[in-house]
Each structure stands twice: as structure tokens, then as C-alpha cells.
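Beneath this line is the structure, given in C-alpha cells, with notes to follow.
Letters A, B, C and D mark the chains in the order given here, with residues in each chain numbered from 1 onward.
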Amino acid sequence: MLAFANDYSKGAHPAILQRFIDTNRDPQPGYGQDTYSASAAEKIQAACDCPDAQVTFIAGGTQANAVIISTVLKDYQGVIAADTGHVSIHEAGSIEYTGHKVLTIPGHDGKIDAQELAAYIRGFYDDENHIQMVYPGMVYISQPTEYGTLYSKQELTAISDVCHQYDISLFMDGARLGYGLMSPENDLTLPEIAKLVDVFYIGGTKVGALCGEAVVFTHNNQPEYFNNRVKRRGAQLAKGRLIGVQFETLFTDNLYFKISAHAIEMAAQLKAALTEKGYQFFIASPTNQQFVVVTNEKLAALKQEVDFSFWEKIDDDHTAIRLVTSWATTEEEIAALKAVL
Amino acid sequence: MLAFANDYSKGAHPAILQRFIDTNRDPQPGYGQDTYSASAAEKIQAACDCPDAQVTFIAGGTQANAVIISTVLKDYQGVIAADTGHVSIHEAGSIEYTGHKVLTIPGHDGKIDAQELAAYIRGFYDDENHIQMVYPGMVYISQPTEYGTLYSKQELTAISDVCHQYDISLFMDGARLGYGLMSPENDLTLPEIAKLVDVFYIGGTKVGALCGEAVVFTHNNQPEYFNNRVKRRGAQLAKGRLIGVQFETLFTDNLYFKISAHAIEMAAQLKAALTEKGYQFFIASPTNQQFVVVTNEKLAALKQEVDFSFWEKIDDDHTAIRLVTSWATTEEEIAALKAVL
Amino acid sequence: MLAFANDYSKGAHPAILQRFIDTNRDPQPGYGQDTYSASAAEKIQAACDCPDAQVTFIAGGTQANAVIISTVLKDYQGVIAADTGHVSIHEAGSIEYTGHKVLTIPGHDGKIDAQELAAYIRGFYDDENHIQMVYPGMVYISQPTEYGTLYSKQELTAISDVCHQYDISLFMDGARLGYGLMSPENDLTLPEIAKLVDVFYIGGTKVGALCGEAVVFTHNNQPEYFNNRVKRRGAQLAKGRLIGVQFETLFTDNLYFKISAHAIEMAAQLKAALTEKGYQFFIASPTNQQFVVVTNEKLAALKQEVDFSFWEKIDDDHTAIRLVTSWATTEEEIAALKAVL
Amino acid sequence: MLAFANDYSKGAHPAILQRFIDTNRDPQPGYGQDTYSASAAEKIQAACDCPDAQVTFIAGGTQANAVIISTVLKDYQGVIAADTGHVSIHEAGSIEYTGHKVLTIPGHDGKIDAQELAAYIRGFYDDENHIQMVYPGMVYISQPTEYGTLYSKQELTAISDVCHQYDISLFMDGARLGYGLMSPENDLTLPEIAKLVDVFYIGGTKVGALCGEAVVFTHNNQPEYFNNRVKRRGAQLAKGRLIGVQFETLFTDNLYFKISAHAIEMAAQLKAALTEKGYQFFIASPTNQQFVVVTNEKLAALKQEVDFSFWEKIDDDHTAIRLVTSWATTEEEIAALKAVL
């Protein structure tokens, strides 16, 4: 079977495994106080050109989202997200588990619109009954989105402006951030993102690591006693080195960007192959996730050869599926896929 | 500095790192559905001689405790633990974060007593006002305890009997279970534990893994939709293989038991050295954690050479400290430590 | 100012106040164990023709909703509601405070549609990723709805059938149930409601009481240790008699139905007046809440004389407002209102 | 049966019922915005000699405790209480339901000791592992305590000093505050209490009201958006007038203090009768709750004639029971009780 179902089906970049071996016997303090985590944090600060950035490593994305949202929000606040956002639908209610409501606004190919966001917030404050409603305290976006789409610099700036106008935190879920940054359509740098958002995370799990997301508070705004609160939520590993070593490796010699660029190149080849074979795209994605519509017949045929993701039923005869490249996709895999498309 | 502060300061057993390398390119389904996790679960079932055991892998101990306790307890129930228990004190309120009370009874060198437990539960039901109190729904014990002590077969059986009499689940935190099983004073096998408790976990983080605990429900009693609830609590890794591979390795060729036995042998040498040097033991521990009382002077001197843990202040002149061996402790380290004791 | 803003602006029906006086010196057990609560429960069982109904009194509607939803739902479940439902918007996130997600489907004049509900639930189970989503465990409806509209017997039966097909509880918020039951357009009796839903509450606060809602589990399905869980949620009054006395009075000699019928008669007069004066109705409501669209000019004029509720801005020149009658509305008030419309 | 089981077995002071009648037809805004609540708040500010006091009315004590504690505490903090404190034991885990831990220290006849409190807090900050523990963020005391005992001015000042030294809020549960204030042994005034604590509540339910506690933040320190958070916790009544009217009445013409003084006078007569009859006191209580130890024989005999509370089993032959007076206790009842003692 050809592995195009997602970007987390293989292990880790070999440099990470080698680094595990090289550092293995070095005794380190626990709970994120190890020197690898410290070094990784410094490298991320540098990559973001944000010396005051506060960096914490969390094992997975659902957890990172829940920790960030529940520590930043005040008791009476909720988080605004696209109705198609990961936290809105596919995290098994993990935000509500922390007691907070996800306030949804329409997603457009996975993205929210700054003007619609502003209208929503204005509408809240204009409503005479808003004292009985959940206050918007944060905006959640993902870059790239669940549909592989990207916010442009102009779009992100507009959203950031709305947030700051209403004193609302802007949080970017970057589970696949590397693939976004390396897309030819992207016009946002890491330092620009760090300036425009209040907190974001740089995804490791889907970009070459075995696990781990680097949570970055960008304006010296990390919630107080953050480590204690991370532990309280079960999200602190005794061996913080596990994630520290991985991110230190990923942010040495631009590895994170290089492997992301590779995945994007593989996606370009995949896209070309799909276009050539006459597939109809479900959505125009400039990143490592590609979505096409297939007939039932084609669906059944592909299933014999390829691991892909079911996305959604279009009608009785058609289904949208997702094909994903990653840091680990090889040209051989693309060629083999092309042969069976 | 000599590394005796804890059993999680070094990386992973080399066999685990090698296995990461060997399996790295093999594409696998996510969220715990990978073949390594399945294989690891089978090996654990076999080691427990418990074919119906339901095994789930969780990244860390605080999280494993919170997930188990909050999914097993009913809304109106709390968990009984020793007042010195990890969940009572050192997990930053992670159990209360899930909405449940930790009901404490006295710990005796870290252990609870079956008769005192029975008296507590009887007292609850005898109290005419218990409708206004938190119902005891689970008993939490750790083996070895936070003080390195062990429940004997007789003691565990007595506690298990009390629990079953009152229809209360018995949960054993086995963060250091290997070190308990391999202690010369231990008289409990893994199959016996699996019979006597309703749920326990086999600790990986402190016994040779980079992360991971194997949660085992022993009587086909895993809460329904458990995976969904694990995700809801942020405790599900996309790459379940990360933990699956580690436990598969640990439970192949008895590696888990061999490396645990090594730590116990190192602890025996440590103990002998401490005795020989005339140290006063704070508590008699038959496992890999050793506790001694030192003067302020000695404390200051040791700090120059050894990483150990502060345990508690005894009086103005004396402090209890903890020295810990692990799977990674070498004879050279013991010898070096002996030289500075 | 004429009091048409809502149905909770005045005190209690005089018979209730008299009953407070008559029973005042009678010592009673606390926490809902008083004889008045027991008698009120019996009268409600009789009115529902449901001898097995389990009745508990809760002080207010937000609380009743939160207690019912959070005790019935399992940890991994959410509650389905209309996007316009009270629990979706106007309870300050009280459902999410209990850790549960409100899953919204479109409201049509405040009502959900059985077929859309079925499609939603089927869609959930058909989604291959539903293991990562919140399971639907309950359906919340209100009768009358927040828009004053009513479910017909056919509509409620269809919703009930869908719920039972998928083993989902059906909960009816009856904060204004009396006004629904007495509407000329209503074709549902209390016993029929008790048969079709799994739990509902009969609103007292808005129908003649100073406070209090009667929560009725209809199929011997009250969650175990319910009183303990009510207390745990802060919803148990020491003087249960406060609500017991009120509901005993309301369900003696059909008082609840008589005063509800009076409010509906007043609403009919209000509606006639509005029609006669040429007002445009925002929605066709057969109960005690009436909604009309007014110009800015009219809005300003009315504000001088009448307490009404802002409902929503229609456009720059028009606003929807709500005028509400209650058990306490007098013919004189209607006449006075008519004079200023 | 003679009603000495508690202080909430009868209805309300007649002046309150009369005031319900007098104000019944007056239309008022909901959700605590009514003029009666405003007037009651002013009268309480005056009684506390604390013009900046922020007063909110909550229906019951369990709820008031949960609302206050959960809105004042930060996410990572817990509340310190006596191990015998109401929130520690008898509120069905309602504090843990909000996610917060109750940190217990020994109670001495229901009271905590300032020096032991200081030692506990110092011990927390001295512990090198406190980053893994729950931060103390509030101290909960009750006046009178669950045992009827009172903090003296000196004791309360000492506790207040410790709290302020460590920037911890001091919260006094005054469910029976009137009975404390009117005790001959009391040396604390309401204004002094308002100065020494950060938040307290004046109990209505047990002191003449049908329901209601007046929550008073004394230093302009009410948590922001407090009303919204009260609603979110289900603790906001639509008819805020229900409690507003009651407290307005209680704080007019010193009614609250007069009826409390009456209960204390009745308790003095009760105490004299018990002493005269040779009963052994379980604890020396200067307020309206009296505790005596009785033999099994006496226990059985009293049960025929008197409603009292079981307190605790002393040994196989003896039981501690509680006899309580209230604003509603009559001299006739005392005389009748005396006859059967």
C-alpha cells in the first residue's frame, strides 16, 4: 500500500533518531528543565526573530490546543473558530472538557474572514443580552487550515487587527506550519507570524518528529505558572528531553524548513500527476494535503493500492478523498502512485 | 555530577532506540491503531497471563492517573488515596481538574492499610449525612510507593477484598512497577497483580522508555469509548507507534524485567555503601529509591558531587534526601558515588 | 411603565404567598425531604398520568438545564440543540461549564426538524472519523421555544422516534410549558409529553412562582444518586419547602393551567390589538410571547411608555421587539398598552 | 415532635412574607437588577460600614461557596480549609466539581489556627517540589464554625495577617453569621469582619429567610463580569427580587440582628436546661448549635419526642447529638424540650 493517508504515518527524520542516540547517556533534569529543551527554545526564538518568545513543548496537538486555550481564556470567555476548525469538530470535545465554549463562525475553505469576525464580535457587544452569553476571548485559526489552505499576510494582518481592536488573543494552530511556510503561495515568514499572533505552535508530530509541538507565546504573555498548569492538565512529560532533542534537531541547520520544502515539492508532483490524469480537485490547496473528487468505481480501485483518507461524501456517486505528502514521502512513492491513479 | 536524583534523567534503553530506527520507514495508522501497539498489547497480556486485558498506551504518569481515575469514577465519586500518594500531593491538582475529589487516609511509609480502608468506607456509609459527601468509588495505590516500599501479596489481597466487598475499583499506579517486581522482598507476580486489581499501569518512563505508560484494564472493564475519552483529555498521540514500539521492545525477551533487576542490583550496592558509611536510613526501602538522613554539612558536601533529591526537612540540622538507581545506572557510577559518600 | 418585557417581572400568584403564610411555622426536614415537595411531586405525577415519574425541584432554569444535561450525558457525549436554543446561546456557557459540548443544528422559528435531526445523527455515525468527535447523547428542545412557537404532537412524536432509534435521551425545557399547554394551537397534553420525552421540566419561575422548576424524569430513568449530584452542582436548597410549597399550590385545583390560560387570553387580546394597529409580526407565535417589527421612530415612542424586550436589529430602520404577557397581566394593562400602540 | 434538628426547618420571618405581599405586583427587572436587591445591597453596605462593598445575592450556601471559591481562585490555586470545614466534607465535592482542590489543615473545634496556617503556607513555598503542587490561593473559614465556635477578633486578625502576607484571599462563610454576631462571647462587629476578610457572605437561609445568602466582596475585589460568571454556574435567579426583598427586610430596623439575638437567648435557655439536667457537652459552643453526649438509652428516648441531629458516634454506648435553636424557636418549645430532657 502506498502511504498517502496522512503526514504522521511514518517515524521520525533520521537526524532525530541519531540525536537520541548521541544524547542518550547524558543525565538531564526532568519536566522540561533539560538543556536540550532550553537550546531548542533558543533556536526557535532565533527563527522567529523574537527574543522574548516563551517556548514550551507539548506532546501532541489536541493537548497543545486545550492547554493554550484553557490557560489563556478567562473563566467567562470562549474561543472563536471556523465551524470547520479542528477544535470545533475533531478533537472529541477537548475544549469543552476544559469548560470553555467554541464559538463558531463560517469557514471559507477552512479560513475565517476578518470582516465576518469583526461583525461577529461587534454583534456580540451590540446585543443587549450579551451579559448572558459567552464572551469572545480568543480567535483560533490554523495555518495551513484543515483544508490545506493558507492565510495571506494581508488576511492574517486583518484578523490580527480585529483581535487587537477588541483585546482578544489570536492563536494559530501550526500543526502543519512547516508545510505552510514552504508553500510557493505563502507570503508570511515565521517572524511575521510571531508578530501578528499572540500564541502559536510549531507542529512537530506531522513535520518529522515522533511527537511534539512547540508552543510559542510571542509577547511575553505566557500565562503565569504555566508549567504548573501544563502539569495540572497532564501535559508535562517527565523526560522533557524527548521533545527538546527533537526540536533542537529540527531547528538546527534549517532541517525543519528543508524537510517541509521537500514535502511541498512532493505535493507539487502529486498535484501535477492528479491534474494530468484528469482528477477534479475538491479544493485548491497550495500545501501538502490534496483533495480530489472520485467516482465510486475509482474509489474502490484506489483502495486496493493506496492508503488515502476519506474526506466527505459528495453525492451517491462521488466522494472527496485526501492524499497527503510529508517529509518522508519519496519520489518513488509519487511515481508508484502516479502509476495507479 | 553523579546522576542519582531520579530514574528519568537519562534517555532510553538502546534496544528501544535501535527499534525506532528499524521500524522508522514502516507506514502505520495513527491514534494507537498501529501494529506495534497491538503487538505490545499482546505481549503485555501474555506477561500478565490475562488474555482479556485491555491495554492502552498513555504518554506520562500524571496523565495516566487522571485518565484512569476520571473515566472510571462516576460523577459523584472520589478516589481514596494515601495522604502521601502522588495524586494527593504532587500532581498539581490534576485529579481535581477532572472534577473529582481525592479522599485521603493515612499513609504508612507510603502504604494504606486494608483495615483502615475498610473502616473509612464503613464510616462513610454509616454516616447519616453521607448523602452530602463524596462517594468513594476507587482506591488508588502505588507499587512501589512514593517511598519505595512494597505491598505484600497478603496486603494487596486484603485491600482487594475490601474494594470488592464495597464494589469499589482498585487502581495500582505502577510508574516504577518493574523495580517493585524485581525487588528481592517482592512476593507478587504480574499475573497476581492483574487478578487483584481492576486497572493498573506498567510504567515505561521511569523504566527504560523515553515516555509511556501501559494502562491495563484487567477484567474486561475498560470504560466504553475509551479511545474517544483519551482523546477528549488530550492524551492520544497521533503517532501511537512512539509508545507501541517502546513497549513492544520492553516486553520482548524480558527486557523490562532484566533492566529492572539491574536497577535493583545497583540499589543493593548503593544500600550496602550507605550502610557501610554509616548513613541513617529515613525509611527501609527494598526498591530503587533509597532515603537517608544527612546533616547540613554533609548535605552541602554531597551537593558538590552528586545529583540527589531533597526529600524533606527533618529538623534545623538534618534533611532527608533521596538517591535513586535506574536501568541506566552503571557500576562505575555506584563506585564513584561510594567514593564521595 | 407598562410591564410587557417578560413573564418574570412580577412576584408570585397570591395563592402561593398565602400558602407560605399557612405553612410557615410547620417544621420540615431540609434538602427536598419535606412533605410539601412530596405532595407536589405526587400532584405532578397525577397531572402527567405517570405514576413512576421522578420529580425534583430546582430553583431556576439555567440550573435545571445544566443539572439535567450534565447528569444524563455520559462523559463523551454532547447535547444536540437548535442553534437558537437557550442552552446554545443565552446561558453564558453553563453547559460547557459542565464539560459538555452543545451540538447545534438549524432552528426553524426556534424548532428543530425531526428529519434534519436524523440526518445529523446518521451523518455522525457515517463519518469515519466520528471516533474523534463528540457523540450525540441527548436532544434538547424547548416547548414553547424561545420564539414562542410550539411543537405539534406529530412533530414531537417524530423527534421522539428519532431519539429512541439512536438511543438518545429527549429533554424538553418547559420553562414556559403552561403557556404552551394552554395555547389554542397546542395539541399535546402533559401525559403525552411525559410519554414522548425522557425528561422535562415544568417551569414555575415564569408561570406564577417566585422561583422553581419541577424536573420530571418520566421513565424511571433518573440518574442514580441524583440528590447528591444536585447538591454537588450547588443546586440543592436547604429549605426545599420553598419550591415544594409553590408547586403544591400550582398543581392544586389546576391553578397552573388556569393562570397559564389567562396569560394566553391576554396574549390573544394583545395580538388582536397589534393586528388592529397594523403592526407587522416578526414571527407567528401562538403563545404568550409576541414579536413585532417596529420602525426606529415607533421604537423610541414606545420606550417612553412600555417595558418591552429588544429582540434583534432587522436593518438600519427596523427592530424586532418582544411583548410578553403572563399570569399577572391584567386586562387594564392590555387596554393601557392598546392606547399607546 | 419538637423542632431542634437545625435552623432551617421552618419558613421565613413573617415580616418577609408580608413584604412579599406588599411588593408582589411591582414589576421589576430580572437577574438581580431589581430595586429591592439594590436597596438591600445599600443597607448591607451601611451595616458593614463599607461603602465600596459589592453585594450579590445567591440562593444557597453550597452554591455561594462554590461561586466565590471558583471565581476568586486562579486556575492553579486551591482553597485551604479546616479538615472539618463544610467545603471539605459536606458539600458533595462541589468545590472539586469546579476543578479546585480543598487543601486541609487541622481544625480545632472547627477553627483553624493562624500559626498552623502560616506554617502550612511557608512549608508549601519551602518545598522544592511545590511547582508540582496546588498553590494556596484562598483561606476558607466559617463564623460560627460547623461546631458552633467563634473566631475572636484576635484570632481573625492573625489569620487575616497571614493571608495578606502571602497575598491569599480570606473568605468567611457566614451561613450562621447572625448567630455569631449576637453571641455574648463574640467580640467582632460586622464592619470589623468586612475589614479583615476579602469576601464573606451573610447567611439568610438559616437566619430567617426562605433562601438566600448575601455575598459581600469588601475591597472592591469582586471578580470581573461577576454576574455573567454567576449565571454560568447556574446561580442566577430570573426573579432576583426573591432574595432582594428578603435581605432588604432583614436589614431594615435591625431585624437580622434582633432575630439572631432571639435565637441566642433561646440557646442560652437550652444550655441552661441541658446543664441543669446534667448533660455532658461535647463541645463548648457559644452560639445557636449545642452539642451533647448521650447514652444509647437516652438517645432512643429523646427520638420519641425531639427532632435533633445525629452528630457522631462516640463509642458503642454513646453518641454526640446536636440541638439547634433559630430565629423561630419559641420559649414554649424550650419549655417543652426541657420537660423531656
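Note that contacts are C-beta pairs under 8 Å (C-beta built on N, C-alpha and C of every residue); 3 or more make two chains touch, one makes a residue touch a chain.
None of the values given here were measured: they were computed from a predicted structure.
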Relative to chain A, chain with the most remote C-alpha centre: D
Centroid spacing, where centroids are CA-atom means, of chain B and chain D in whole angstrom: 42
Euclidean distance of C-alpha centroids - chain B vs chain C, Å: 50
Chain C and chain D, separation of their C-alpha mean positions in angstrom: 33
Shared interface positions of chain A, touching two or more other chains: 76, 91-93, 97, 99, 131-132, 228-229, 231-232
Topology of the chain contact graph, where touching chains are joined (line, ring, star, complete, other): complete
Chain C contact footprint on chain B (complex, rising order): 31, 70-71, 74-76, 99, 131-132, 135, 224-225, 227-229, 231-232
Touching residues on chain C, where the partner in the complex is chain D: 1, 3, 5-6, 8-12, 14, 17, 20-21, 23-30, 59-63, 66-67, 91-94, 97, 205-206, 210-211, 228-229, 231-239, 241-242, 307, 328
Interface residues, chain A side, partner chain C - complex: 76, 78, 89-93, 96-102, 126, 128-129, 131-134, 310, 313
